[in-house]
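Next come two complexes, and both contain subunit A; in the first it sits with subunit B, in the second with subunit C.
Let's look at the complex of A and B:
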């Protein structure tokens, strides 16, 4: 009674939370169109758009997206086969566990005529699905750790979600193994189903189970006799076999019970199996309740976003729909970090330790911006990250959740501009100073500077006559009143270092990082020196030599 | 014209964007010739801006000429294979006059005396003779002649330019010469003349510069500045500064690449396309042009082919070693575009004399393309290699423009002669109609 009311409350919280989150899609304001429409008119616009869709050929596209992107998770497959495998395992493993195990009271009668949780193949399936989920979660955790390279963007909710998933599955497995070992349960079952008064028959049955299945350890009943075994088997076939497969088929729980066997007596005294059941049940309820407030919500938002994205990029839709689509997109983020691994300006993070340079972290800032929860200092870091982004669109292309990130960056940048946050001031006022890459001491750098070849081939730059043409035409030099102070070295000075075989000396200079690769220097060079290519290669070499700085704003979202 | 699938068709292809290439494109455009010009601009940046006609002859004795025309007359007699001898005195005069007239019209005025060379002060403190100078340098000749009190100005951070050195070298004959170093308005660190020039194109920077110089003016009757008075608006910049200082101001050339070359480059790059030249700057001929019928078919691009150009004739003004018209290989010098025969010493050991500073210069400096009377490159027998290929500028053999101080004159006069020869040759053949 108490337990079922806990489940009802959890379900209530879950449904209310989902509605609240969905409601936020219509209240969140991001992008230049934000001031123009009320939540109600936005809801109406979405309804109109959905209704309109039913009568268009686009509906077919949606169907294709549903099959490929959602059911088959094709975007993940394109990303990495291993990740896809892990995610499919967790996704479908957990889904089936919920369907045929957690909700078996409701679903089993319709699906199976002979359902019993202790019968094969159901018990075998349950263990298999649990293994699938555990393996998938573990694989995804390892993959994410490798991908994120020390940059964590998950919230407490995300961590709790993953932890809960592990608790649910592990407690389930432990519960089953405790049940296998429990004499009390054995006694209860005997009483309920055997109705036996003959202690000899009960003892024979128990001995049979202990010998045959290694279950229900017997404290002291003396040696078994031959006819005793036969009697045990007869009792088993008469009263148990119709509902119990061999417990060995529970290929996770059974080995676990072998490990726990020495503690079986203690576990039975304290009814550990009951406690495990409570933990298993409450953890499941908790997971249900926090679904709308954690990474689990992507179960709702990501499929919806993928379908929305199938109708085209955000800006292709009506202006009144855009803010809603952006909010939906932000909720669809699973913090997987793939965008950051593909971000074309992510290397700058190694020089300027602002996590908002990285798209996966910047999205949190944009979320806060949309709901007006951004402090002044957070606004400043977001503005800098936003200014450094080149809107190249790689993040959008790779996002497994189909979020139109490029549009989000554009829209939030316009919002920042509209609220008079001086985006360019941030960069101008910023002097890397201590954070700038200093000269890696020869032989001490973590890895040898990457060499693409140009800078190690004297014929590439030996024609340089130090005429300063490259420096004279350089727009980066021209933008500064004090190039030496701002850039350390000018292009022609860097070419001179190349001639002097002092490549390492050039690696620490700021010119490399400020070069916009416009190629004017290279085009104007009277000696055909590949000035821009050399600068680019040196930048890569410097990047290889620089250790990542300590994250400044990580983990606080 | 033989029909091909070229991207661009023209009557005349000018290869090169140095002084000779620019002059050839100019003369062709003024004669209404359908011209395309291709070349990496870079070389013209290294023009000193001074138009030398003839300074020294014979090189071995180092004899200088105050009247260049007398020198040329003597050169033609002594060195009949020199391009000047092919071109002729009359043509040289006409070409210079037309060239300078264009620059005057293009707001880049030059000054010269018809019958004598003028003098300028060099950044190392020597005096140099030349024929025509930018108007901004003209006052130096007067100052050098009269030697009145004169103030030379330099700036911290401007390399290769020191009034201390200039005054030290000239003070013996010019006691009233003084030098001063003032900060350059708005720029710090190492200075590049191009950036200084652009800075002075703003009135505020000019004002600051004048204020910085004024306290040191004293009795000076002339002020000498390095050549930094603007690039596209030089006349305005120079006249403002001169008016504010109240005395004649002259510019002293700086180390290359100098703003004086940049002014020429900006002038040509602005005006030639307006005059109808199909300018393809920052591009080069990537491989030896094919001959299709009588036309040249050339692949043009930056690093990879971007277009093909079909031309009825071509003027090769690709320069020498620095301009990459000639390439010195291990054993021989090669012409880089058409692989034309190059006149040169028989083997590498004869390229140079034993003494680096040999008074007569080195044989390698006389290497280059030999030409016939129609300015067409010839083979060893003296016959032209292509009937419709002409050559101009420093790629020509039998001259040593650096020591003879005849670079600009040679470039301009040979470009003029090449265009004239092209017109003559075209007149002889039937009228062509372009095919697209």
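Let's look at the complex of A and C:
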């Protein structure tokens, strides 16, 4: 009674949580279209779109996506055969366990005419499915460890979910092996199915089980006679065999019970089997309850997202649908990390250690941006990660959950730009009245090799004779009617500041940030001053002042 | 021809923003039996150079090291990618500390940068490996003297001693190619100037001004279109099309070199308007 109410509560939490998460798809705001639509109008738009789909040829595309992407998980297969195998094992192993084992009271009458949990093939299947799930989880964990290269983006809820899955399966196996060994359960079953009245026949039966199957060990198993064996076998065939298979067919639990055999007496005294049952049951309830709040929510979000993606990229849909599609996409992430392994700018993370450069981590930041839960410093790192992304779209092409990541990066970039707070406006920091961050000291041993040291070496620019060639060939200067007013300093004036060792004064000038890096100044300089390279390095220095770099480990060869 | 297989480096922007440049480039190179290796590569480092030279060089060096490992020269149809890969190689050669650090990091992936990896731009492969004469012979549908302004782009041209594409003050490589496919290159004063893309986010007004001044100069020189050989320049000029429409003047379009070649070599259907 208590237990079934726990299950009901867990189911209630699960369903409420799923509805709450789905509700968030309509409240979360991301992208330039956000100001225009209310959650209700967004819900209505989705309903209209779904209704419209029924009458179009696109419905066939959806069917194909359902079969290939969802049932067969074809996108995963394209990524890696091994991961596909692991995920299919966990997915279908667990699904079947739920159907024919956890819900057997409801499903078995419809599926099988002769169902009994103690009978083969049901018990054999149960062990097989448990093995499938365990093997799949293990394989996926190993694969992920190898792939993620030290970057973990899963929350405590995600870890708990994976741990619970292991607890459920292992406690199930242990429970069955404890039952195999338990004299109390043997006695109960004798009473229920044999209507035992002859102690000699019961003893013979127990001896037969102990001898034949190694189950229900008897402390003093002596003096068994031939006719006793025959009596035991007769009782077994009369009362047990018709609905109880040989324990050996439980190919996970039976070997486990061999290991536990020495402790059988102790386990029976303390009714360890009951405790294991409670653990098994409660862990299952807990897993159900946290489903909407963990990685397991992808069971709902990923299939829906794959279907949505089958109708085309996010921006191909009506503007009112986009923010909803984006929120759905973010929920479909399983933190598998495939995007990061294919990310074009991932190598840059080794020099600029901001995890928001990597798509798998950046998605968490974008999620927080969408729900307004991003702190000022998190906004700064997200803005940097967002700016470094080249929008190459490779993450979108490889994502097994079919998330339109490229669209998410573009939409969140526009949001960051629109909400001025987020802009990493380096130039402003160095202008009069700005924050004027301090620059890292030049050329220290162990400091990151962020610069070539051009701006700290006098010989690089001391040849400058202030001839103004750089300024006169500069297209940015030429584009202005009032260079002094528009640009603060001309290139040649910046070179002069370098000669005077007043590097900091150049960092906020508009010339530095309007430089188009065309290298005409450097090409035309009669004194071979690396004007453009120096301007590049000054911008590097300003960025480092705003986002201080961390020392790198690799400078030890 | 010494090498007919290249490690193809399309860069980040081509696939999502100019997929037809990618297809046309491959079609043209394939037409001349140049084979391309399509190993997955990473960012060339150009977009991050403003932020960190070290990050930029590491990003470039990783791709160069993969080319070295495969023993293939690297080919890119993007001038900014080309320029940054050349810059990285130059500074790795010059600066031993940078080289040590970058190679230390590449070693984690079992890679190593070595100086001898050839870096090639589409223009130099077409001119030197395919050959101007061969292109002229195969141009079965020459462009009938169409006046075209060759836009050189900055990062592949300067600094000349680093990127080594052509004479940085008086280049001819692009015009020679245009002549070979039957176009008439126009002489215009801003042909070596910037398209404006690098400041398109930081200062959109300046970016637009540089571009419009440049396109106006090409138009005044009599050009019917501007020829580009760079992903970024092309993306920038594509924005001019909308600007021109808003201003109500005849659009001066920019066309990528691979598209012009594709057309002249007869690889496209003349009845289809690809623009």
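As a working rule, the second predicted complex is superposed on the first by the 420 of 557 C-alpha atoms of A that agree within 3 Å, B and C clash if a C-alpha of one lies under 4 Å from a C-alpha of the other, contacts with A are read in each partner's own complex, and residues count from 1 in each chain.
Here is the rule we use: a residue touches a chain if its C-beta (ideal position, glycine included) is under 8 Å from a C-beta of that chain, and two chains touch if they have at least 3 such contacts.
The shown structure was predicted, so the numbers you read here are calculated from the model rather than taken from an experiment.
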Touching partner for A:523 - first (subunit B), second (subunit C), both, neither: both
Touched partner set for A:403, first subunit B, second subunit C, both or neither: neither
A:477 touches, of subunit B and subunit C: first, second, both or neither? first
If touched residues of subunit A are counted for subunit B and for subunit C, the larger one: C
Touching partner for A:514 - first (subunit B), second (subunit C), both, neither: second
Partner chain in contact with A:543 - subunit B first, subunit C second, else both or neither: second
Touched partner set for A:352, first subunit B, second subunit C, both or neither: second
Where subunit A meets both subunit C and subunit B, residue numbers: 523
In the complex, subunit A residues that touch subunit B: 465, 467-469, 471-473, 477-478, 481-485, 490, 523-526, 528
Parts of subunit C lying in touch with subunit A, wherever the complex brings them together: 12-13, 15-16, 40, 42-43, 45, 47-55, 58-59, 62, 91, 95, 97-98, 100-101, 103-105, 154-155, 157-160, 168-169, 192-194, 196, 198-199, 202-203, 206, 209-210, 213
Interface residues, subunit B side, partner subunit A - complex: 40-43, 45-46, 186-190, 192-195, 198, 256-257, 282, 302, 322, 324
Contacting residues of subunit A [partner subunit C, same complex]: 342-348, 350-352, 384, 387-388, 390-394, 406, 448-452, 475-476, 479, 513-520, 522-523, 530, 532, 536-537, 539-540, 543-544, 549, 552, 554-557
